[in-house]
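One chain, chain A, appears in both complexes that follow, with chain B as partner in the first and chain C in the second.
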Partner chain A sequence: MIIVVPLNLVPDLVEDLEVDGSGAALETDGLKFKLNEFDDHALEEALLIKDSDQAQVLALALDTENIDKVLFTALAKGADRAVKITGADAAASSRALGSVFAEAARQLDADLVLTGVQSVADLEGQLGPAVAAALQAPFIGVVTNITVAGAGVAVRKEYASGITADFEMDLPAVIGVQAARQTPRYAPVSKVRQIQDSATLEELSITPGAGGAQVSISAMAHPERGEGAKNAVGYRRTGAGA
Partner chain B sequence: MGDVYIVAEQLAGALSDDTFELLAHGKALAGQTGGNLTAVLLGGDPALAGQLGAASKVITVDCGADFNPESYGAALQAVVSADSPQVVMLSNSAMGMDLAASLAAQADLPLAAYCHSIDYAGGFTAVSQLYGGKLDITAQLGDGPCVVTMLAGSASADAGRATGSPPTEAVAAPAVAGKIRFKQLNMPEAGDVDITNKDILVAIGRGIGSKDDIEVAEELAEALNAAVAASRPIIDAGWLPGPGRWANRGLR
Partner chain C sequence: MLSLAERLAFGWLVIVCLYYAQIGFVQMIRIIRQGAAAQRSDNLIRRFALALAIVGLQLPLFKIRPIVSIFHAFIFFGFSFYILVNVNDMLEAYIHGWTTLGRDSLLLGGFNLLADLFSIFVLVGMLFFLARRFLAKPKVLEFNDNVLLHPDVRQGGIRFDSLVVGVFILLHVGSRWLGTAFALAGEGISDPSLPTASIVAGFLVGASPEALELGRHICWWLAMGLIVVFLPYFPRSKHLHIMVAPVNLALNRRTPKGAMDSVADAANPGAKDITDLPWPQVLDAYACIMCTRCHEVCPAHESGTPLSPSALEINKRYMLRSGGVAADGIIDLPSLLEGAISEDAVWACTACYACVDVCPVGNEPLMDILAIRRRLVFDAAMPDELATVLKSVDEQGNSFGESARRRPNWTKSLDFEIKDAAKEPVEYLWFVGDFASFNESCQEVSRNVARVLQAAGVDFGILGKAEKTAGNDIRRVGEEGLFEALAEDNIKTLEGCDFKKIFTTDPHTFNALKNEYPALGGEYEVVHYSTLLLELLQSGQISITKPVEAKVTYHDPCYLGRYNGIYEAPREVMRLCGVDLVEMPRNREKSFCCGAGGGRIWMPDHEDMTQRPSENRIDEAVALGGVTYFTVACPKDMTMYSDAVKTSGHEADMAVRDIVDFVVQAMELPQGEALAANV
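Then we have the complex of A and B:
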């Protein structure tokens, strides 16, 4: 089984986000990016399937600044191949990127595409359904557990209030991963460096198709703050430093 | 054209609160577009239509008792392509996200997700909450047809509650390939604390540091007659029994 995992960078929310002079876009100066947390879970779930069912895991990412480290880290964690997609705009919407990743998945003979369930920036909808629509493959999102079942996969989807549902899916399939069965594994820096010296990143050129229906952003603003939390009546610090 | 469609959500035989929030949003929006508000009830028990009195019409599709992204998605697409509503509103929930993004991609309609408000004045303007709630994005969706998903808690569910018998139209479910098969629904194990029934919660997150430190929160909770609630990483790490203690109701 070939599992393809698209890895996407998103703004690091630890930093303050600023709006640029246009009032409708992020100020990119000083903006730091990190791997979408849900994509990390998608990769972990793929590696867990590999551990139990001998799958081949392909980490996929758009060619942007600092992406090599993300892909080498994926290799250090146990991915079999790392592929950098050139020719597409990483800043495009999740909808537009859906067809790019779908075309890559097709060329790489993917049986399973695991995306993060969502990202902090996917205004135009989640990536997974967009990939699935372009592949004409079945899609289930908000999934926490994937196991091989016969010629397909069995998945568990989460609803609100702790209710879950079990499904079986035929392959090829696209799944939006909410959380892996375990905390994503850690790759030590030394191992990433070692991989960096020995492994090579593959490249795949994809020409994006027509954009399709899009929304335009007319404004971006920090939400109005409420009054915030108040200390409870009579609250008083005690102990050291009080 | 001009009509506002909301997608009702049912799980384990009951309509979700989100459904009534969507009706409240939809009623206000239909006032602006000058169209009618229609609720689309996918699968489940068609008698639930009796709770959708805030809509002026209910479309039911018998696409299976339990949610299945394939059959429910095909049913929604069939309704939307037959009726061409000006806007389709779904909840930004585990079901709504699957349906909305698939519908938008397959029917090539603009979509704005994670919205807390939407207005119409010659075109649709929605405000979406992105970047972990750090920024509000004002999105222009054009004159429709378009799709939006609304965040839970963004409208009053009570404002969307109305009994009554709106006219219903039963639409035949389209045939699907059966690539997704529903197996079973798993209800949460009873016995743990129900945090929705407590007046005071002591909420913890990653900042608590270690499993042993949870004792501090538990002592405080006991003194306040409160319960300890936690964010997802605490539950996933097994530091507290989940998912009854899981503090955020939505996904974002």
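Then we have the complex of A and C:
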């Protein structure tokens, strides 16, 4: 079984996000990117499947700044191959990226595509469904457990108030992972460095299709700040945020 | 004295026993040689001369347990003199007419007197130790219930070994002493140079000459024959320490205590099996006398966790002596985590160095633990909380998961600007460290340091967002790659700066910069702020206008004291500020770790923990009576003890202060709110 896991970089919220001069995009100066946490869980779930059943795990990412470290880290954790997609715009919409990843998955003979269920840049979790749509494959999101079952996979999906449901899916399939069965494994820096010296990242050139109707951002803004709550005992904390 | 038959029999006994002893010793050397490489062959003569000198003076023992150490010294001096006694007894047995008894010679009389008195010393010392182990049974000899122990140890192996060695010594020395009494009585000699043997001889007068002669022979065989019979048992026995301890001390690490060895085999870093350890750490297992001093001073063992550095060495020792080692010395043993120390014990270590510092035979259990951690982290096996911190250090350069941009935010409430050392030249580059930058209770201390230096006219600056954590504790949790990456980044940053010296308030940062960065190409003059403050006080750059009246005690940070030998500078700073400093019983090199070191500050307490080390320490300070301030010189201590005074219910009795707080007060500088509220 070939499992493809698209890894996406998202803004690191440890930094303050600012809107740039155009008023319709984030200020990139000072913005730091990190791997989407849910994608890390998707990768972990893929590696767990590999640990228990025969599977080949492919880490996939768009060719952006700092992506090499993310892909080498995936290799250090146990991914079999790491593939960089060139020719696509990382800032494109989830729907556009969905087609790109789907095309990559097709070319890589993916049986299973595991995406993070959402990301800070895709709170509505469109990427997984978009990949599935482009692949014309089934999709289940908010999944917390995936096991190989016959020729397909058995997945557990979470619903509100803790209710879960078990599904069986035929392959190829796309799954949006909410959380892996265990905390994503740690990749020791020395191992990542060793991999960096010995392994190579594959490249795959994909030209995004024309696509249909598009959306565009017209304005971005921080929420307006209210007066805030007053302290009942009259004690006013000073120095906070100073 | 011996008959021909006896002489022949003894000769054969020596040959047979030496043969079997040799097998054990050769095996031991084979095993030790399978340890990883370590460079200890420099200055061999000096090493051994020094080791023999300190062993001769029994210095390594007297760090703790003074009474026990005195009795040990009794036995040691007696046994050392007995080498001469044994030589004499051989001559007496084989050379007709050779005797020291009743001879009119000052030299031989002196020999007799020493032999007589040392016999009593050894017997008294040995009886003391047997009574201590088997009757008094002090708690310090026991292991916490949750400590992993080799099955043989569980079944009383240490007690059995102790009994064998004790009885051997009693019989060996007692028989020699009694034999002298038989000789005196048998030959009717009165010799005042043998006062105690003469008393016993007095009781034997009147027995038949045959009986006296038989007694003398039996005693000779019990004294001398026993040593020979004991030889093959030596490599299996704790008594081996009399041979291995001096060697172990001689071949000890000579690099700075605070500098960990670099990784030798990048594909297999650290240790999984006993043979992955550097050979001197394999030798440690044989040197161990199982005295448990190391776990007596261990904050992890004292607080009820499953870590006993003593058990680690003892388990290694029992693993090596109980099977698994083929005749050719090839080892097929359980891994260290299976046989020597449990995984949770490995993570319970605070890397405080107390176990290494106190060990009378020069063992380094801490280094084993750090090696095991290295392998665990390389295999990504660690507590989740630790993995989270390591990730954040990798991503943000600090352990708080904060944006690097916020690192200098603590300076914003100062009424002056601190220079950016990354942009302009400074005399002192202040490497602030994570806790002093991000932790709220430490930030006010950092501001006080800034205020004092500003008032003293010191030219200093910080790196701001360009600084990353120095990585001292990152290295000690075993993340060698991350430590190297941090060090490389910091060294690169420092290369672009123009400064004369580095100072820091954080002993952990101090240790890494001073002792570990040089190996990676970063050589700087690094001072701890306590040293800098003292210089400023002594040179008059800081002038005290209002001495502080307070009774205070001071806690020595592990990485300032034990690791780097700085004990007096912080004390002197406090005294110059006028405070009345009283010492806790565990001070200076005996200081008791707060429990935060070795990355413990990032991990949850072990579920078996009975009392946090920091609370134990606060109890110690409270017991002094009337101490109002518990003083620290380490940001981690500030957070640990600020919590501990609260959780131990002593918030009303005692407050935690940093040494610089007294300087601010004594200089009458405007202070921050927290301090002002406290005074």
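Note that in this section the second predicted complex is superposed on the first by the 221 of 242 C-alpha atoms of A that agree within 3 Å, B and C clash if a C-alpha of one lies under 4 Å from a C-alpha of the other, contacts with A are read in each partner's own complex, and residues count from 1 in each chain.
Operating definition for what follows: a residue touches a chain if its C-beta (ideal position, glycine included) is under 8 Å from a C-beta of that chain, and two chains touch if they have at least 3 such contacts.
Note that the structure is predicted; figures quoted are calculated from it, not measured.
Chemist: Mind working out whether A:151 is in touch with chain B, chain C, both or neither, as first, second, both or neither?
Modeler: neither
Chemist: Please work out whether A:125 is in contact with chain B alone, chain C alone, both, or neither, and reply first, second, both or neither.
Modeler: first
Chemist: After lining up the shared chain so the two structures overlap, which partner does A:189 touch, if you call chain B first and chain C second: first, second, both or neither?
Modeler: In the superposed model, A:189 contacts chain C only, not chain B.
Chemist: Applying the touch criterion given at the start, work out whether A:34 contacts chain B, chain C, both or neither, answering first, second, both or neither.
Modeler: second
Chemist: By residue count, which of the two partners contacts chain A more extensively, chain B or chain C?
Modeler: Larger number of chain A residues touched: B.
Chemist: Which of the two partners, first being chain B and second being chain C, lies in contact with A:12: first, second, both, or neither?
Modeler: Once the two structures are laid over each other on A, A:12 reaches chain C alone.
Chemist: Answer with first, second, both or neither: which of chain B and chain C does A:98 touch in the superposed model?
Modeler: Only chain B; A:98 stays clear of chain C.
Chemist: So which bits of chain A does chain B touch that chain C touches too?
Modeler: After superposing on chain A, chain A residues 183 contact both chain B and chain C.
Chemist: Inside the complex, what are the residues of chain C that reach chain A?
Modeler: Spelled out, the residues of chain C in touch with chain A are 263, 266-267, 269, 377-378, 380, 382, 384, 387, 390-391, 394-396, 401-403, 405, 412-413, 479-482, 484-485, 673.
Chemist: In their complex, what parts of chain B are in touch with chain A?
Modeler: Touch list, chain B to chain A: 11-12, 16, 66-70, 93-95, 97-98, 100-102, 104-106, 108-114, 125, 128-142, 146, 149, 179-188, 232, 236-237, 242-244, 246, 249-252.
Chemist: Could you please specify the touching residues of chain A with respect to chain C in the complex?
Modeler: On the chain A side, the touching residues are 12, 14-16, 30, 32, 34, 77, 183, 185-194, 238-239, 242.
Chemist: Across the complex, what residues on chain A touch chain B?
Modeler: Residues 11, 13, 17, 19, 24, 26, 95, 98, 117-118, 120-126, 128-130, 132-134, 137-142, 154, 156-170, 173, 176, 178-179, 183, 212-223.
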